[in-house]
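Reviewing the structure listed below.
In order of appearance the chains are A, B and C, and numbering begins at 1 in each one.
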Amino acid sequence: MEWETVIGLEIHAQLSTKSKIFSSASTQFGQAPNSQACAVDLGLPGVLPVLNVEAVNKAIKFGLAVNAHINQRNIFDRKNYFYPDLPKGYQISQMDLPIVGKGEIEISVGEMTKVVGVTRAHLEEDAGKSVHDMFNEFSAIDLNRAGTPLLEIVSEPDMRSAKEAVAYAKKIHALVQYIDICDGNMQEGSFRCDANVSIRPMGQTELGTRAELKNINSFKFLERAINLEVERQQDILEEGGSVVQETRLYDAVKHETRSMRSKEEANDYRYFPDPDLLPVEISDELLDSIKADLPELPVQKKARFVTDLGLNEYDADVLTSQKSLADYFETMLDGNEKNAKLCANWVMGELSASLNKNQLDIENSPISANDLSQLIARIGDDTISGKIAKDVFKAMWDGEGSADEIIKSKGLKQVTDMGAIEAIIDEIIANNAPQVEQFKSGNEKILGFFVGQAMKASQGKANPKLLNQLLREKLS
Amino acid sequence: MSIHQKTIAELAQGLKDKEYSSVEITQHYLDRIKQSDLNAFITVTDELAMSQAQAADDKIAAGTNNILTGIPYAHKDIFCTQGVKTSAGSKMLDNFISPYDASVSHQLNQADTVMLGKANMDEFAMGSSNENSFYGAVKNPWNTDKIPGGSSGGSAAAVAGGLSCFATGTDTGGSIRQPASLCGITGLKPTYGRVSRYGMIAYASSLDQAGPMTKTAQDAAIVLNAMAGFDEKDSTSAEQDVPDYTAHLNNSIQGLTIGLPKEFFSEGLDDGVATEVMNAVKEFESMGATVKEISLPNSAYAIPTYYIVAPCECSSNLSRLDGVRYGYRCDSPENLEDLYLRSRSEGFGAEVKRRIMIGAYALSAGYYDAYYLKAQKTRHLISDDFKKAFDEVDVIMGPVSPTTAFDLGSVKDPVSMYLADIYTLSANLAGLPGMSIPAGFSNKLPVGLQLIGNYWSESKLLNIAHQFQQQTDWHQQMPQED
Amino acid sequence: MSLSEQQVTQIAYLARLSLSDDELQDNTKDLNAILGLAEELGAIETDNIEPMAHPLHMTQRLRKDVVTEGDQSDLFQSIAPKTGNKHYLVPTVIE
């Protein structure tokens, strides 16, 4: 039987506020255990939550960026369950009236683009962390993370493959960084994905029973975990079994998912409006001012790159896929706009390849955007050829200086002096009579031989255009 | 008149006139507490009290004092007090030395008051008799075989028994007014949002409100001046100016319209209580007030509404008591489940467990609409009844409790106990201010008159109560001592 | 609607409470009596009534995003039942 995969994602994005969502403790990552868990975060008897304005503003920003309906009156609820990293025995979240309602976002997989629905996004507090391997008989609880603001972004079950799910997750990941509401750091857990995965016979409209995959901390693992789960469900269904609705934990080391059914058992979260918090009201004025301050969104930037810079769709998409990449590219364009296409090629080609090879993020590139821009300018003004530029790039990567410095110190400036080039050509023609004969008898291909010889003689510095032109003149 | 018979206003005058020092007053009260068998205190903070008294005397000498400087009080053990055990009457928090101060504690410290100790109470403020305390029942100073009322039973007994000049209380369903009534003192539950709930251990968050328990309405005004106010740490605290509550005490109440809800005088009300309440109403008439019968048709549903809403909130509020970060933890838990189950089962008393379970059930899947949501709707109806009533009248009066103080140990089943709250619950459900003032005796036990006012009308209520206390001397009666 | 002892056991577990046999019996009786009170609410027509979660018609005040709380972990952990390496300790949790 042919199966169709149906995926919806729940993304938890930590909002990059200074203080927690309901307390005035710091949200900084990596501090001494429990040093940032204040009385409110610890759920001491008698403490009360007060909502952080920035958490609200950032949630609104997200809503506007995915064209969503903002619920100008929204409510905080309590989700009740017992767990050691949940100090109050309930998580403050939003159930019936989340701050962000229905929205949408466009994704591309290869040549195909599609729109994925965002069901809702709501504010909630993060839990603490349990460390299970510090002591033999104990789990150790660090509540520094407890109370960090989260935006839980829930998608429609609109994705049909692991690749689409990854494309969507990456799109949201880029977006939250563009609008500066989340640092997107997946290693530190600032951006986490849970995937709801089900399969159904192709053509069937009703959804199959889904499993929720948790504990996925990279896009690579997201793809793997989904594919693994799809296989597992296919095996079950093809053997006549049925899929159980449950939460499954992805284990990246063993490359398997396993049931967390024990945790699910008897879960009844008993949501009800948090009586310590009042309804949040968002004024039209606030909405308008946040809308006005919204930065250029990826989709807008992409369109501008195509229209104003003449980039193709694919290049524009890649360059806007991450804020850091787009920032780098745009810095390069400063004063170099006429070479936009060349800039794009170099960022996506030579630079990306070198970064990948050295496992570096673009933020940590040894070559700054301004320096790379200078190199591109030298190609553009014919100071060096594209081929020589690659050598200059390598030297820049190795820290030998700026493009101009390297060109100068290594004497890589192109030879554009006609006389010098003519001298080289004359010598080559004199020494290679048989090849000259071949050319004259119509073998056009032999021209490459002469170009090569001339380049060799000039140590690659001869201006290729000039060289070609002079060679033809001399040979005919 | 002995020191412990004096009001705040009188003690403050004596301190000013150097008749005695705060250290002397404080020592007087501490001695009385030591000799008392009312069990009104869970913790007596002698050393702290003496040092606060000394500091107060220094301020008085320097002339930087206010009216509450050096006045000793009993602080309900539900308010967190930094460095002092804060138990909420529970084994669960028997070892809890609060690392922080409640906003009310802080405000009373700022007013230079002297904390004598932490007053006994029903566990987590759940109870109407103070028999649900881990630290044992409190006795009524008028008759030590009787309950003092609850949950602020220790506070009421301390004031009535001359063990403190005033006390703090909290009122979720009558926990200030009912013990005030049964012990013959003045108690005020302000409008919800008037006094900060920060650091006040939550029972039912949308109903809890702190207030003063005093000898007189004037004292209540003085203490409320110190307790009331906006607090940025409490999202439900109102950004509303605090008037000087003593400013209008002497206004005339000529022309006041009093509403008597017929539902408050129906079956179940003890005859002796009814008589005293009606006598008090007549007193008001003689002072120039007019009386009007009104109806609060949905008040009959206050008990079921309250006993769904409050347990729902408390079941969630008390989840944090899990034996992980503070409070009671069972001996050698085998695993996490065991840690939770035994710590909570051993740490909570029977009534608390009962209410937690009611709440857990009423919020659970499949029952939420029938119980919680339904109760939130009837709560709306109860609140609307008051809105209509206050279009016609200035204040609502009636009994606080259907009976006078009953015998310790005499009411055993929870539902009968809940019925004792019938007249006090509606004010909490609506968030309205309410008072209990001494209005006579029945069978040698105090009877309180309840005043319910419109939102933010504390000044008016205090004015009405003060005027009554200018004409009567019920509030000056004190239990006889052997 | 009447709660069975089995239901009461489940409710108790939901609230992480365990009941002895005697407590179970007593609580089943009491809980049913209390819920019996609540059944009275069924008599009231509430179809078009808004549920009231708060007594006052106020809206949520928002706090400035400023860090004012410092590290008080030593004080807070001085009242904890069990700590180690600055962590709160509980019996090992199996995930």
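General remarks:
The definition used in the following text is that a residue touches a chain if its C-beta (ideal position, glycine included) is under 8 Å from a C-beta of that chain, and two chains touch if they have at least 3 such contacts.
Nothing here was measured: the structure is a model prediction, and the numbers come from that model.
The most central chain, judged by the distance from its Cα centroid to the centroid of all protein Cα atoms shown, is C. For the pairs B-C and A-C, the larger set of C-beta contacts lies at B-C.
Centres computed as Cα averages put chain A at a distance of 57 Å from chain B. Mean C-alpha positions place chain B and chain C at a centre distance of 23 Å. Between the Cα centres of chain A and chain C there is a gap of 41 Å. Among all residues of chain B, those that touch two or more other chains are 96, 99, 206, 232, 235-236, 315, 319, 322, 324-327, 336, 340, 360, 364.
Residue numbers of chain C whose C-beta contacts span two or more other chains: 13-14, 16, 53-54, 58, 60-61, 63, 72, 76, 82, 88, 90-93. For chain A, the set of residues that touch two or more other chains comprises 39, 42, 44, 50-51, 82, 84, 139, 141, 268, 270, 275, 277-278. Within the complex formed with chain B, the chain C residues making contact are 3, 8, 11-19, 23, 26-27, 30-31, 33-42, 44, 46, 49-56, 58, 60-61, 63, 72, 75-76, 78-82, 88, 90-93.
Residues 17-19, 23-26, 32-39, 42, 44, 50-56, 76, 82, 84, 130-132, 134-143, 249, 260, 262-263, 266, 268, 270, 273, 275, 277-281 of chain A are the ones touching chain C in the complex. Of all residues in chain B, only 79-80, 86, 88, 93, 96, 98-100, 102, 197-202, 204-206, 232-236, 312-313, 315-316, 318-322, 324-327, 336, 340, 360, 363-365, 368, 372 touch chain A in the complex they form.
Across the interface of their complex, chain A is touched by residues 10, 13-14, 16, 53-54, 58-69, 71-73, 76-77, 82, 84-95 of chain C.
Residues of chain A touching chain B in their complex: 39, 42-51, 78, 80, 82, 84, 87-90, 139, 141, 268, 270-272, 275-278.
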